[in-house]
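Look at the two complexes coming up: chain A is in both, with chain B in one and chain C in the other.
Let's look at the complex of A and B:
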């Protein structure tokens, strides 16, 4: 019976295109990214699952915030290290790793910019790599430079607020554009919009700094 | 992470901040950015008839290392030929300012900015000669 279940699990996991690993406790098959062994219910190491798989979501830019919250809190309840206080050191360590990986996945998918970055990375289009990745988009750079100059020259908090409002509207439009680009499978456009979003969010952050300077 | 004294000096007393007329045929403008940190850097050169860089200005919105790298480059390129200016290596900038490994990309940005400014200037001259 148990062998049959295992076979069924393995087939289901293979059909879904996921990798199957072995449970460290009972040696049964576990789909990559599954937090618990379906056979013996032991907590598993976080493994290599991507952020979407970890939260049981399909890869895509359209993520419903309420659904994401529900999934996250349900999993976090099961995986919270407090629930493993009386378990073995190994299980405590695994639950800690799982909780950390889950937090990371949640924080990434919740934020449109990080979500877009993550999707591009998963598609092999690493636009915002660490280190010396240069922007090769004169129009975008010109816009960024002009806006930063306008902000530096803003002489009152009222002027800064106007820049903040305009930038937030642009952020919203940019996020809308990203949803359209990803659903059309246009990764080049998604890459450009992700870089633009990065600059726009940086500008929003800087408006806060500028306001503090003007108040001080 | 502590900035080196040289970075702090350029950050607190940046050299050659400002703009040159980007529409002038004697001016080359380089505009570059690093998406990872949302930095943007503008570097401009004024070139005389002998092909010598007479003046350089920069405007950088970014971290202290990015500001120091661009400030230093404007000092270095003055009086140089275009060939000499494009031969400036990011490693020399990073070494001079004692940039830590995580800030090396700021010196890459400055090297790219001067290259972009020179290529913008050369493009303008070709267009002018064709007219």
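Let's look at the complex of A and C:
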């Protein structure tokens, strides 16, 4: 009985231990993911926090761009290597790692496609590599072929602009659909829409290239 | 004379504290044609000028037979007299390989050495010696450091050095190396356009997009910066490395020579006569910035001809060049997907922006008058000095840079696989997996590239290295993870690792165009008369910083969790802290290390108790930040 309680205590302590890390500077406890030690204020390694946690946001597709910017800039202001220019080499290295992780999180969450990818991964959905599951969606495949053809045949920048505008509208609609799918918890639909968004954004890039070609 | 009263202005006390013998940090604009050094104190920047009041130091170095270097105006005057011993425009060669320089052949005013053992950066034959661009730039930087130290009457050992926004990894590394050789620690490499924006205090302004229009003697650059809440981002850059005020001079000189030919018939011109015509053209250009017309005497073949030029004709002559800069601006805006009216301000940089037509065209294009009240030749150094102060004294402004060019690897068939796209905020780290393409393949060549083109041979080669010891597997089974990391200065490190076995290779992408460490330390040794003392001092300084950090950390822990200790334990820790502080006051590095080690030993049980309490608090769902310190009793040791 006594031994069992002990064992339970120990397991619980281990679980809690994963939420608490040791400050490299004062060797006291720091909450996992906290950028600074609450006791001695030393900058900590970035740890394993996911992109949402790093920016203090709840996991979800709905991210307010202005709010995201605010959080990012506020954190970067504290963590950027320039803030540590006169500090010890170890602190400089840690701030570099923190700023790197923060940039990664920001760049991911800022972009709807990468945000959707990231959410799917966090939900355990395997996102299929770029381009290769168009085949599983005959409708999308058909649409892709038609649009590519139209783009190749476009003979003036005005025609290309029209395609760009139409594609941008589709991107916006697709992002709207993703928001609905994620909030309804429909991961299968979210996966399909993510693939579609990937293809649409590629098409937007291609229209830009086509326009440059036409300009000579 | 007796002093009346000393009044201390707000901010003054801080200034005085900074002046009590601590080395200062300066801002240096290391330019292709001229260099400028400035210092800022209490937010007030000033350019450090020579006795003649000129802030510009020509980036020209003359070498005496004994190897000593002469930098600046005197060196420039020797340029015609002793061309074999004088180097100018060395910035164009920073981080450049022999192959890159081939394309510049004929345009370079000095002789380039075919090879350097490693196939690395070019070397120049100067006054019978072989020098690298890094060494020559170091001589320029050293003279800027000397100028600053003389004027300020104190040591200067740190600097913010500016580089063009498009400078690639090799050129940035070379610039940093040059500063190190000159005895300057680079606090940060700052992009020139960003520095110009800082000089105008745009970091204090409303959020928005700003354009930096930089027209120098031989180069044109346009950069689009986004400022948001005191954070700068370089959004897009463009330019032409062979477009500038020199083109204006050429056009005007041609016009003058045409006038002469019309009056006296065509004759062959000597090199000296062409140079004289160019010189006169420059004078005319400067005149016409403030006057409507003028005439000058041009001497060719021993006869003088009167030539004239009015503002309208001058503007017609240079208009194609100015139009080209505007077309490049348009391209950069397109690239960033913005319209001219989205730009909230335009900053002028470079002497050629004094030409009225340039200002007018810029104003027409952006639909607003440009910012031009800071000397366009000095504005970059002014901004750099502000940033140097911000980094040493602390400030609210933060410069976030992006990668100027994409970084990638060569893959099968000579294609480029991009790992980090251009305009990615730095610092950044990205990894990608590659695999073997032959059964039993045990090594893999890693070729690191920079640029926007699709084929490897069209991109800039930064480094090559090999990953050996891959265990024999079937083709496609090995997992080789290649990691690219770019730091806040834009310098790249590449690592490769076979993930199933952990075989690893790591290179700082440096040897191929910068100097390798051996070469660097040899040069450091040669260049510094007191290399050993300097080195020892640096190590001691680091040890002091580290020990002081340790003491502060322990003090913080004692304040937060002191009740976890009994009186005797606390006394022991305090004694150990005092010992560290005493060692820091001395200058024996080993004594500091020993004291720090003892402090760590004494505080170890304390740290364990603090951890235990933190974990128990987490168990109860209390966040570590808000530990209920009262409710906890010292944990007993097992």
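The criterion applied here is as follows: the second predicted complex is superposed on the first by the 190 of 216 C-alpha atoms of A that agree within 3 Å, B and C clash if a C-alpha of one lies under 4 Å from a C-alpha of the other, contacts with A are read in each partner's own complex, and residues count from 1 in each chain.
What we mean here is this: contacts are C-beta pairs under 8 Å (C-beta built on N, C-alpha and C of every residue); 3 or more make two chains touch, one makes a residue touch a chain.
Since the model is a prediction, treat every value here as computed from it, not as a measurement.
Peer 1: Answer with first, second, both or neither: which of chain B and chain C does A:148 touch in the superposed model?
Peer 2: A:148: touches chain B, not chain C.
Peer 1: Examine A:195 and indicate which partner it touches, taking first as chain B and second as chain C; both and neither are also allowed.
Peer 2: Once the two structures are laid over each other on A, A:195 reaches chain B alone.
Peer 1: Just to be sure I read the superposition right, which of the two partners does A:119 touch: chain B = first, chain C = second, or both, or neither?
Peer 2: Neither partner.
Peer 1: Name the contact category of A:82: first (chain B only), second (chain C only), both, or neither.
Peer 2: In the superposition, A:82 contacts chain C only.
Peer 1: Look at A:138 in the shared chain and tell me whether it touches chain B only, chain C only, both, or neither; answer first, second, both or neither.
Peer 2: first
Peer 1: Check whether A:181 is in contact with chain B, with chain C, with both or with neither, and answer first, second, both or neither.
Peer 2: Neither partner.
Peer 1: Mind telling me which of the two, chain B or chain C, contacts the most residues of chain A?
Peer 2: C
Peer 1: May I ask you to decide whether A:19 touches chain B, chain C, both, or neither, giving the answer as first, second, both or neither?
Peer 2: So A:19 only meets chain C here.
Peer 1: Which partner chains sit in contact with A:30 here, chain B, chain C, both or neither? Use first/second/both/neither.
Peer 2: second
Peer 1: Touching chain B and also chain C: which chain A residues?
Peer 2: none
Peer 1: Mind pulling up the chain A residues that touch chain B in the complex?
Peer 2: 127-135, 138, 140-142, 144-145, 148-149, 152, 195, 198-199, 201-203, 206
Peer 1: Going by the contact rule at the top, pick out the chain B residues touching chain A in the complex.
Peer 2: Where chain B meets chain A, its residues are 31-38, 40, 42, 59, 61, 104-105, 108-109, 112.
Peer 1: What does chain A use to touch chain C in their complex?
Peer 2: 12-13, 16-17, 19-20, 22-23, 25-31, 34, 37-42, 69-70, 73, 76-77, 80-83, 85-91, 96, 99-100, 103-104, 106-107
Peer 1: Please output the residues of chain C touching chain A within their complex, sorted ascending.
Peer 2: For this pair, the touching residues of chain C are 187-188, 228-231, 390-392, 396, 398-400, 424-429, 485, 487-488, 542, 545-546, 549-550, 552-554, 556-557, 560-561, 603-604, 607, 610-611, 613-619, 623-625, 627.
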